[in-house]
Each structure stands twice: as C-alpha cells, then as structure tokens.
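You will see subunit A twice below: alongside subunit B first, and alongside subunit C after that.
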Partner chain A sequence: MHGVKRTHLSAQLREQKRQQDSNKIATYRRLNEQILALREAHDYSLESLAKNSQLLALNPEYYSAWNYRREILLALMAALADVDFVDLFNRELHFTLLHLKRFPKCYWIWNHRVWVLQHFPDIPSMEITPALIAKVWQTELAIVAKLLEQDSRNFHGWHYRRFVTGQMAALATDHETGAARVQLANIEFEYTTQKINANLSNYSAWHQRSKLVPQLLLSPPPGSLFERPSEFLTTEIAYLTNAMYTDAADSSHWLYLHWLLCELLPTMPEAEQMATLVKVQGVVEELNELEVEDDGVDNKWCLVCMGWIKKEMYRIGGDKGKLVEEMLVLVAKLVEIDPMRKGRWEDLVGSIGVEHEIQHR
Partner chain B sequence: MSYLTAERRPSMVERRASMDPQSRPLFIPHLAGLEKPFADTIPTETDVLVIGTGLTESILAASLAWSGSEVLHIDANSYYGDTTAALTIDQIKQWVQHVNSGASASHQNYRGALLYIPRPSVLQLREYLIDLTPKFLFAKSDLLDLLVKSRVFQYLEFQSLSSFHVFENDCFEKMNNSKESIFTDQSLTLATKRHLMKFLKFVLEYPETPELWHDYADKPLTQFISERYKLDGPQINEIVFSIALSTSTAISTAEGLQRIRRSLTSYDIYGKFPVLVSKYGGPGEVSQGFCRSAAVAGATYKLGNSMIAYDAEKKLATFNDGSRVVVKEKIVCSQSQVPQNLLRFQDQKTEKVEITRLIAIVEKDCAAWFAENEHSAFVVFPPDSLQTAVSKSAPTPATNKTAVQIIIQGAGAGVVPAGQCLWSLTTTTPGDAGRRELEAALMQMEKSLLRESDEEYELAVTPNDVIYNAQGTPIINSLRVGDAFKGFAPREKLTYLFKLMFSQLTAASGVTSDVLFTEMPSAEISYDGFVAEARALYERITGSSDDFFDVDFEDEDEEMAAVEEDESMDVDEADGKRSRRGSSARSSRNGSVIVPVNMSMSSAKDRDDEAMRTQDDEFAAGMDL
Partner chain C sequence: MSFAREKHIAYIDALNKKQDDYEYWLSEHLRMNGLYWGLTALCLMKSPDTLPRDDVIAFILSCRDPNGGFGAFPRHDGHLLSTLSAVQMLATLDALDVLAPSEVDSIVAFIMSLQLENGAFQGDLFGEVDTRFVYTAINALSILGRLTPTVVDGAVEFISQCANFDGGYGMVPGAESHAAQVFTCVGTLAITNRLDLVDQELLGSWLSERQLPNGGLNGRPEKLPDVCYSWWVLSSLAIIDKLHWIDHAKLYEFILKSQDDKDGGISDRPDNQADVYHTVFGIAGLSLMGYEDLVEVDPVYCMPKSVTDGFKKWPYE
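Right, the complex of A and B next:
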C-alpha cells in the first residue's frame, strides 16, 4: 500500500474534515455569487478587485473571473480613478507570478500576465521610456528562465519565452531591428542547447531550436556557424548522432532530425541535400546494425528515419526504382515490429507515390 | 565569513544543553524544544531499556515510543550518538583516551586510536564536528522515507552531493550516472555512450528481466558488464566503485546490480543528484533527531548513565546514579557499551570484521572537488590503485586490497571553519595493511590537491580534458588533468590541522534472551541497513513490525497547506487584513501541536521557525542547493 493515503480516520476526525471541506465550499460559493452579482452590476471598484483576487486564489481556472478582473482594470483606467496605477499593475504582475508558482500550467494566469504587460503603456500619466520597457522584458525573460528551471518541459513557459523575445525584438528601433532580432535568436539558440544538454528529452527545447534555425540561417549573426550552412549542418548532425547513440529510443531528437531532413534540408542547395542524406543514412544504418546485433531486432526509430531519408532522396531524384524497393522492405520490417501503426508505415511508402506497388503485391 | 555566525541555525550539538558543562542536568530531555517538566521521581519501571544512543538504537527508541511503549534510553557518554556520534575536538580527545585505555564503559569494539593535532592553538574547538561513522543518504531509501514520515527531517538540514570521483591512472574520473552526463561527456566514444546507456537502462529494469543476467548472478559484476555490455576499464571501475559503491572488485552480479539500481533510482528525485548529506554532522545529527522524536513521544532520556548491575530474575537494572528500573520487556544494548553484567548474554561466536578510518582536516577549502553550490564530494580509490609506503614492518611495496572510500566535506557542510576541509577515509582491509592503505590514499589526495592549486604550474590541456557543465558550457575538468602532472613537484606543503586514525570492529548481533544487541556500524558508506535493523529489533520486541512507526502527521500537513494558501492570498490584500490573517494562521499552527508536550515559549518559536522553513517546497526547500 505504498503512496496510498490512509483513510481510516476516526469518526470525529472525519466529521471535522467534512466540516472543514463544507466550510471551504461555502466560502467559494459565496464568493462566486458575490463576484457574479458585482459584475452584473458593473461594479468596477478596488474592493471588487480584492474579492476577485480571493476567488481566483481558490480557482485560477475560472476564466470569467479573469475577464471580470480585466474589465475592472480597464474601467479604472478609463475613469482616471484616483489610483496609483503603476503600483496597481505591479501588483497584478505579482499576483500572476504568485499563482504561476502554484499552477505553472494554467492558461489563464499566463494569459493575464501577457495582458497586463501589454496594457502597461496604456496607464494614464505613465511615462514610458524605451529603457523602462526594455527592463520590463529583461525581467520577464529572467522570470520565465526561472520557471523553466523548475520544469524545463513546461510548454507554457517556452511559448511565453517566444512572446517575450518577440516583444524585445520589436522594441529595437527601425535600423537596428535586423541586428537585434538576430542577436536575440542566437541567444535563444544557445539557450536551447543548454536545456537539451541538461535534459535530452526536452521536446519543447528541440521545437524552439527548429523555430530559430531558419531565422538564423537567413540572417546569420556575424562570425557564427550560421554563416556557413554546410558547416552548421555537419555540426548539428554530429550533435544528433551523439544524441541517438546516447539513447536511440528517445523520440525527441528523432523528431528534430525529421524536421532537419524534411523541412530544413529542402530549402538548401540540391548538392548539399543529397550529401547530407547519404551521410545521415550511413550513421543511422550503422546504429541500427549495432542495435540488431545487441537486441536481435531493428530499432524502430532507425527504420523510420531511413524511411524519411529515402522519401527525400526520391524527391530530389535518386534512383527511384531502387528507392521504392528499399522502402518496401523497410515498411515490411516496420509493420512487423510495430503492427499497431501499420497504416502509418504504409503511408510512408505512399508518400513517394507508390501506392500501386502495394496493391500489386 | 565565520562558521559561527548568528544568522545560521545552530546545530543540534550546539543547541543541546550538554554543551555547557555548568548546566548539565542529570536527566535529559535537554534537547532544545522539548523541555518537558523534569520528573520528580525516576521511573521505577519501563517496557524497554535502550542502552546507547547510536542511530539504530535511536530509531528503535522512537518507533517504540510512538507505538506507546515506555522507553528508557540511556547512554554512558555525555553526548548523543554513541557509535554514530558527531564529536567536537574536545570530545574526540577524550574519546581517544577512553578507546586506548580500554577501561571505559562506552567504547568497546574500537581500538588503536591515533590522534595528531600539530597546532592545538589553531583549532577553534567548537567549530568542528567529526563523525565517527560518516555516511550519505540515498534520495530513495528506507531511512529517507522514515525521516519524512516521522517528520524527523524537520530537525535536520540536508545538502546535495553529486560529485563522485574515481581515481584511475593517476587522475580522477567523474561519474556518469545519467543520460545527460553521458550525452555531454566529450571524452566518451559513441560506442561507449551507447553501451553505458544500455547498461544503465537495463539496470533500472533488471528485476523484470532475469533471463538477461541470471547466468551471471554469482559471477563477478565486472565479468557481466564486460561480456554483456562491452564496456571496459574506466567505465567498469566507475560503475563498480562509484555507482555500486562496492569496496571490492569481486562483488557479484546479483549484489552489484541491486546496488547500482539503488543509486540510479535515487537520481533526480530531489534534484540532479543521487545522495544527500545532513549538515552539521551526518549520522550524529540524524540519530539525535530520532532521539528528539522519541522524547516527544514520551521516552525518557538519561545521558552519562550506565548500568552497573542487572538482576535477570527480577529484571531489575541498577544504574551508576543509584537509580533502579524494572525492565518489563527487553533490554536493547549497543555493542560499544555493553555493561559487564550483560556480557554473558552476548553471542561470542559471531565473526568480527575490522574497519579502519582516517579522518583528516586540511587547511584548504578543496572547492575544486565540489559541484557548484555543494559542499561535499565522494572520492574512491579502487583496489590496486594505490602504492603503499615501504617500511620496516612492510619491506615490500604493496597495492591496496580493497577500495578506499572518502567523503570530503567543506566549510559549507558545517563541520569545519571556512578555508578548511574534512576528509573521512575508510577501508575494510584489516590490520596494519589497512592503515598503510589509508596513509597512501591520504598522500595521493594531498598530491592531487596540491597540483590542482598550484597556479603557476603550466599544464597542457588536451581536448579530452574539456567537459561540459549542466549549462552546456565547456569547462576544463580540472580533476582529470592528472596525466599532465606526472613528475609534478609541489611548491607548497599541505597543512594538516588534525588527523585521527582508528579501527572499529563490526559485530553482528546475537540474540539469546531478554537482552538484544544492536550491531556496530558497518563499512557501508550509505545509511542503508540502520532502518532494517531497527525494524527487525522492533519486531522482536513487539512481535510484529506492522505498526513500526505507524504515525500519521498528515492532518497537520493539510492544515499547514491551508495556512500556506491563506498566506499566499494575503500578499495581495490590504495591509490591515494581512496582519490579522497572519496572526490567526500563526495561532492555528501553534494550536496544532504535533504532540501533547508542554513546550516553553522559546521552543514553540523554535518549532514554528522550523515549520516555516520546511513549508516552502516541502522537503527540497530545506536543502541548501
């Protein structure tokens, strides 16, 4: 009975607990009714805001309450109420952060934080300087880095990071925009490396990487590897080789490789494409041979990856007849080791336009 | 910054009243926070008498007290901990005298204590805590579960330990025990990475796949790894000595796999490290924590007390202060302080194994050994990696027969002042040979440390010396650059402030009658074994271990959580409201005292502070990460 909470409370304790729970429920219901009534009455006062905080603390998933909260804030601003708005907004930020710590995966809290930050400039009588705004976003970046330290795979955090860096890039004055964007992207790219090194199976970090690479190849930071795409590819493939040898069963890096081969590579010069495909094929085939030698079965991901490679080779004009033959062998193996995904493997063949071949056999 | 500053929490050793000889009362409970009103009369009977406050006895005393037994817990020493004590320098001096005189009632099974303090005036005596039995705690282990369940962890402060170094080819290799460290280690070939990962993955599930290893169960682990997983020298050593923490190359596959799994499953529970160490002394603090828990549950404590007579017929024990107690159930006795009159109950046939320890304090912070934000590290010299010195009694040089295991602790661990470091070396090679091996290990440590710290020494860094830290930034693995140092002559000398060498016999417990004996601590580097032993004794005394530590503080937890919720809401509210709510939360916490003990104001506050500290992130917040 490990990890199972004991339930044999005495009758008295049970009653006590029931009492506590029902008190909690009653408080929540009362608050909820009050808030709904206040909203109905268009009450946009600080007192309502405080009540609203109480309710959200009990239930941060309650989006109607968040909406009402924003209505209050907007109304207060529109009425130029006698309120220290800077302080008020700072407290909003603090409020969301407090709840993000408890519920780091609640959409509405993240959403509200974004809203607050976007409405900062609307604050009446607020003097906005570029330096101030830059500082705000720097702080946000630090905060989200901290949250990603606690859970490096929280996709809310990664999404928010993209939002923040987007805002930072947009801040740069016109003639700097390009450089600032590039520099930010480069820093973000390094950040993904850090996160992947700390946890290989970080799908979010691999995804972020795939979002950054095309930007960086398009406008490479001076002196960086991205100025020489072919070298970049070699380095990236070495990095991935390291990953697949470390854990061939981990799908995260295979999915990034899929993006690299099937999305990024087609945008590169043709000669580069074929050379890269041949190289990766060599690596993956060798790894699969080792896997067969050790475990007696093919590694599923190696086979799938070979499928992607053949598909790409077919597209850019390899020996089509031979590729189709090889693909059929691959798919047969895949169906054998993973019959539950038969349709998916057969689609792989379909993708190179040989449905008829299957029907013939 | 001085180690004894006001802002840090005093360790239990400092908190206990026995630190001040003037105010040393006859009875305990003078554990801070537990000032029970002193009994007017000495108890005349008790269910269980426990002699010795070592870790096993302390866990047992607490478990018995919590299940409602009357427990009288005594110790011949004036401090808690017995065989697992953490001692100050003064206490060590006394301890050495007692051990060597052989006349003391409290240090049986120890022998040959040598103490070396070259400059006594330099040692600020109260700034040191020396564990007689240094240990570290696996993040997934029975003791940790018990610490959490019994809430004893609230009395303690834990730190992480992630640095494991294996000495090989005159340099230290860092352990690769996780996917990430294997992924980022540039010194491993792709094939090695693959095999290493396969092996580690296999170990995590080995109980479910007996067909893969059963043929090897009784064969050496090294053979299994090299034949089945094609790993060689350095990786095998790393696995056997740094992950399985074996002391011998001969460890069997069955035992080895179990030990490797223990380490792997402990990784990434509280963070990216497999083990924890308790601050301000390891087992010394932990055993004291359990004594404190036992006292909370009603056990009576008497330090400086030993039994002078025992009437087996009447079950009447007489103590050196003249008091007498009828023991209704059993006597449990530590084998380091067996009274003359209980010797006849002891099983004399049990085989004894000798452990030798060497504890040294050096005038260097040894920061290079520790991982970032850590203050402890583990170093191991595998068998045959050391050359022992030649002397008259040992005319031919030899290599070490068993591994020398070392726990290194810096000032941040609360055992030495800033700028110093404590090394605890242990070997299971018996006799003088073991002592020579420890000396050789110490020399090697000294050499490595000196060439580390010699800044003027030019060294050639090869690509192999570059590793990546957790952030993926390349760093020079300074402890690996040993190869470049052959023939290095240090410019400075390492100053030893303190050296203590002693041998201890492990004696298994023999059970014959109403008197049960606990075992002497083993050479095992982790805390594994203590809880199992206490549980077995508990079962022997009560007939069943089903209700061993059957305590449930969960309701209190819930209340705590509720309080926390309250407070987090407060931050957002008006000032007046906040203080009102704050005070109500405080009173409710004070109202929900764990146990019906009369606490003084100061102790209530003490507890309150601790509750505050442990609230944050549950257990992890208590650690200094």
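Right, the complex of A and C next:
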C-alpha cells in the first residue's frame, strides 16, 4: 500500500465500516464465485466477458481474472463466433484505458492492453489492413504522450512508449526497416529534448536520451549532427551547461554528462579529449565558485564532476602526481559536505591511492 | 521511538483474521506473497511459530495449480510470483520434503517453460516480461537446487542487457533504473555467481544517492522516500559489499518513525497506513544493518541466513 494516510477509527466508525464492508464483501464474493464457476465450466461467452468486466472493475489486480478474460477472447476467435471482432477489440482497448486512468501503475492492466494490441492482427476479420494497424500504433503513441504529460516520470508510460515505437519500427517492410528505426530514434531524441526543456530534472528523459545517442551515432540520420560526433559532443555540453547553471543540485544532468564523456571521449584523439576536459572543468569550477559565493559551501555535484574529469585526465596522461593530490582534496571536501555517504568517500580515497600505486610500480 | 516488536508480531498474527474487511477479500490475489512476507517478518523477529506450521503448509499445498506452479490462492492461476513465495516458505519451514520428487519436477518444469528464447522469463503464459520474473525463476530454481547452464546463461545474458548509463538496471532492456529492479538483477547475478558483470562503483554510487536528508531511501531520483526501498537499495548495496555507503543511523530512525506504534506494522513512510509488505521489508532492512535483536537476513533471498546457508551454490560441482 502506498501513500495512504493512517487512521485509527473510533469504535463507532469501525462498526459503521464493518457494516458497509459486509455489503461490499457479499457482492464481491458472489461475483467472484460466479466467475470461478464459469471458468471451471469452460464458459467462453460474451455474457461471461461482461461479468468478468464487473469483477475487474472492482479489483483490477486480480490476475487470474485477466487470464480468464484472455481465454474468452481467444476462444471466441477460435470458434469464429458471430461477433464484430474489430468492435470487440476496440472495446477491450477502451476498457483498459478506462482502468488505466484510475490505476496508471497497475502492471496487469498495461499487460492486458499489450496483449490485446498484439492479437489485433490475428482477429478473424476482412478489415484488418496494414494501414489500420499503423493507425492503431499511432493512436497508442498519442495516448501515451498524453499520459506522460500528466505524469512525466511514470515508468510504465515510458516503457509503453518504447514498446509502441518498437512495434512501429517493426511494421516497416524489410528494406525500409533500417531507415524507419533511425527516423523513429531521431523523433524520440527530439521528444526527450522537449521533455527535458519542460523539466530539467526529468530523469526518465535523460535516461532515454542515453539509450538513443549510441543508436543515433551508430546510424546517423542523414544531415544530422550525429554524423559529426565531436560537434555533437560540443552541442550537448552546451545544453548540459545550461542545465547545470539552472539547477546545480539535481543529479540527472550530472550523471548524463558523466556517461556522455565516458562514452564519447575514448573515440577521439587524445589532444581533443584533453581540450574537452579542460573546457568542461573550467565551466564546472566557475559554477562551483558561484555556488560558494551564494551558499558559502561547495556544490556537491560540482566536486563529484571535477573528480570524474580528473580521473579521465589521469587516464589520458596529465600530471599524475598532481591530479591525485587534487582528487584527494576534492574527496576530503566531499566527506565534509556529504557526511551521509562518508563510507563511500572514504573508500574512494583508498581506491585513488591504490590505483596510483599500481600505475607507478 | 523504540522498535515495537510485540506489536508487529500481533499485527501479523491478526492479518488472517480480518475477514470483516473488504480489503481482505480484494487481496486474495496476493495471499501467497502476503503469507511469505508475514512468515519472513516473524522469523526475523524470532517468532517463527506464531503462524501454525501445519496451517501454512496446508494453505501452500491448496494453491497448487495443475500447470505445475502455485497460485496466490486456491483456484487462482499458477504464476512465478506466487510459486517463488510458496517455495521460499517451504524452505523456511524446512518442509520441502512435503513435495514428492515428481511434484518438484513439475514445479521445475513449470518455471523452465516460462523462459523465452532471449533468456528472459515471463510471469505466466500470457507474456508479461520483466527482470522481476527472471529473479523469481532463478531464485526458486536455486532453492530447489535445479539450476542448469542453459537457464543460467540465458538469464545472465538478458539481465546484462538491462544495464543502464547510471550503473542501475530496469525492468527490460531500455527501461529506466529503478531500485527494485536493481535488486532483482543484482540478486540474479549473485545467485548465478556473475557479479563481475556489475559496474559496482557506478551502481553503488547511484544506490547511495537514494538516501534523502530525512534518512529514508527512494527508488528513483526525485521520488519520495519509502520503507520498501530500505530493502531494495540496502540489499543491493549489501550484495556488492557497499552497505556502509549510506547512513545507517538515519535510515534506522526513518524506519522506526514509519511504525504504527499503536496497532503494529510498518508503513511506506511516517503516518501512513501499515501493511505487511512494508513491515517485512522494514524489518529486513533493520536486520541487514544489525539493529535490534533480529535474525540475520540473507540480502539475496530475503530469507533467514540460517536457511539459505543450506542452498546448493552455483556453479554446481
């Protein structure tokens, strides 16, 4: 149970709840018993489907009831029952959407929606065309975009979005598949920019970006920045600098920056790597100075980031002795300003020392 | 506030007697898991006999599905989640021998039948895929001593595809890191002896950042703290040997503040309604940090360490 306030009921209120509950329990148990009996009798009728809907409306977490629902749908299809299947499946989609609005985090509802969509092409009907299927996925994309507007961090929503775009890419005919994937990845990259612009701390969007960048660098859309990785890196660093200056305390863009540097730098000539690191270091140091002026204390993420940069410089071959000393100074400051993670910073002191010793042996 | 041990024991003991509550009936689909949470919490609080052993075993056996697995309740469908809870409880009660060898074979066959070509597991035949189910399958097979190279290699391959830019893991390849999914992935890699695949520095850092100024832990950046994450984050840190990367005293305080000191039980955060799920994970977190006089918990299996010590370790000789 999440986010439900605790209440201690008085004896009178408890008795009141007991009476209310007793009616609800009777209804629920009667319906549940009917459904179990129908299922055990292998009843796969539209009437049972309707009863099943009633039960799931009371309890959308009841996975066995969702399973029975799918058994009914499969049996109706197998028997080529005299029903309008397109209409039936559309009503299933409507049914799940209705419940997702009430329970956007319920795994079973999401799962059923996916199942319905995946079975759409199998339904016995003359009207299922590739154009119709494409339209179905377009609709799904619009629905999930709306959901992510209401809750931009709902991970079911992001998961579903990736699933839908995956299905859209798979729809392309064989010789188009590559191009379709690249195009979709590019659209999704733009989508993360849009989400981040709306809220810099949208960690889900930064995450998604980290998944798309390697794909796009591997197969760049013609004419895009991804064709020129070092230019892309420069642009991305400028974008991140803006994020850092707007909210230095948020971890999202810092972690993305760390990842981006580790991912892209090793593909570049060493001189260019060093120049990039020096540039980023300058930006971060300046930001930290501003933070110290404002708050009187170092910004944790600036210090952490300077540590990352120095570690990379050490790898490429800066003045190793000096870098180690500077890293140890940073860590000592971190122990002070971030005492909850003292154990982590102390371990870091140890590992910097050990690594340096191994290098020098 | 002090740890309300006796109240928590009484709270769990009373859970099965709440037939007057509508919620009792609405949660049938979670009963097997709920019983595992209750039993485990009681064992950790050194009160394993609070629930009559024979009753628990009888309930577990009554949930057997002809498909080979266990459902959450009699006449409910066999599912990996409830199958793991059933197997865990039988192991905790030292009662695995109530299953005939042919019955164990059919449980193993049920679990293995749910592994897909890419190494992932679906929760049942209706296709939901999630790293939770990989952990569930590998955990149950490990308790039964029935892992195989094929099952293990596939699972490890799938899990490694779920790693992310921040060192964490998500529910499927591409999905955002989430502390509960991290636990299932790292737990799977621990059981299969492949922790070498984890970027332990990076993951440990991300996990340690889950602790908020009030001492509680969240499951993802920018989310509220929650007692169940004291388990998902803490156990993951323990598995990669970085339990000391967060502040134990502050987390201890947060968990104790989330107790219902009147009626027993622990909730997701202070002043919320207690439930058995947050009760067991709160207590397991306390055990992992060595607070209160609790039985030592195994961070990989979330069962008493004395029980898991007896499991056959992978790779089998």
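FYI, the second predicted complex is superposed on the first by the 300 of 361 C-alpha atoms of A that agree within 3 Å, B and C clash if a C-alpha of one lies under 4 Å from a C-alpha of the other, contacts with A are read in each partner's own complex, and residues count from 1 in each chain.
Rule of thumb we're sticking to: contacts are C-beta pairs under 8 Å (C-beta built on N, C-alpha and C of every residue); 3 or more make two chains touch, one makes a residue touch a chain.
Remember, predicted model here, so these are calculated numbers, not experimental data.
Peer 1: Tell me which partner A:95 touches in the superposition: subunit B (first), subunit C (second), both or neither.
Peer 2: A:95 sits against subunit B, while subunit C stays out of touch.
Peer 1: Is A:64 contacted by the first partner subunit B, the second partner subunit C, both or neither?
Peer 2: Touch partner of A:64: subunit C, not subunit B.
Peer 1: Is A:259 contacted by the first partner subunit B, the second partner subunit C, both or neither?
Peer 2: second
Peer 1: On the A-aligned overlay, A:74 touches which partner chain: subunit B = first, subunit C = second, or both, or neither?
Peer 2: A:74 contacts neither subunit B nor subunit C.
Peer 1: Where does A:200 make contact in the superposed view: on subunit B (first), on subunit C (second), on both, or on neither?
Peer 2: In the superposed model, A:200 contacts subunit B only, not subunit C.
Peer 1: After superposition on the shared chain, which partner residues are touched by A:294: those of subunit B (first), subunit C (second), both, or neither?
Peer 2: Touch partner of A:294: subunit B, not subunit C.
Peer 1: Going by the contact rule set out at the top, does A:340 touch subunit B (first), subunit C (second), both, or neither?
Peer 2: In the superposition, A:340 touches subunit C alone.
Peer 1: Going by the contact rule stated at the top, is it subunit B or subunit C that touches a larger number of residues on subunit A?
Peer 2: C
Peer 1: Please work out whether A:29 is in contact with subunit B alone, subunit C alone, both, or neither, and reply first, second, both or neither.
Peer 2: In the superposed model, A:29 contacts subunit C only, not subunit B.
Peer 1: Can you pull the subunit A residues that subunit B and subunit C both touch?
Peer 2: Touching subunit B in the first complex and subunit C in the second, residues 5-6, 201, 250 of subunit A appear in both lists.
Peer 1: Once bound in the complex, which stretches of subunit A touch subunit C?
Peer 2: Subunit A reaches subunit C through residues 1-8, 18, 21-22, 24-25, 28-29, 32, 36, 40, 58-59, 61-64, 66-67, 70, 107, 111, 114-115, 118, 153, 155, 158-159, 162, 201, 203-204, 207-208, 210-211, 250-252, 255-256, 259, 339-344, 347, 351.
Peer 1: Mind pulling up the subunit A residues that touch subunit B in the complex?
Peer 2: Spelled out, the residues of subunit A in touch with subunit B are 5-6, 13, 50, 53-54, 57, 91, 94-95, 98, 102, 193-194, 196-201, 241-243, 245-248, 250, 287, 290, 294.
Peer 1: Taking the complex as given, what residues does subunit C use to touch subunit A?
Peer 2: 20-22, 25-26, 28-30, 71-72, 75-77, 79, 124, 126-128, 130, 164-166, 170-172, 174-178, 201, 204-206, 208-209, 211, 213, 220-223, 226, 242, 244-247, 250, 260, 262-263, 267-268, 271-275, 277-278
Peer 1: Name, in rising order, each residue of subunit B that touches subunit A in their complex.
Peer 2: Touching subunit A from subunit B are residues 179-180, 182-184, 190-191, 193-194, 197-198, 201, 272, 468, 470-473, 552, 554-555, 565, 568-569, 571-574.
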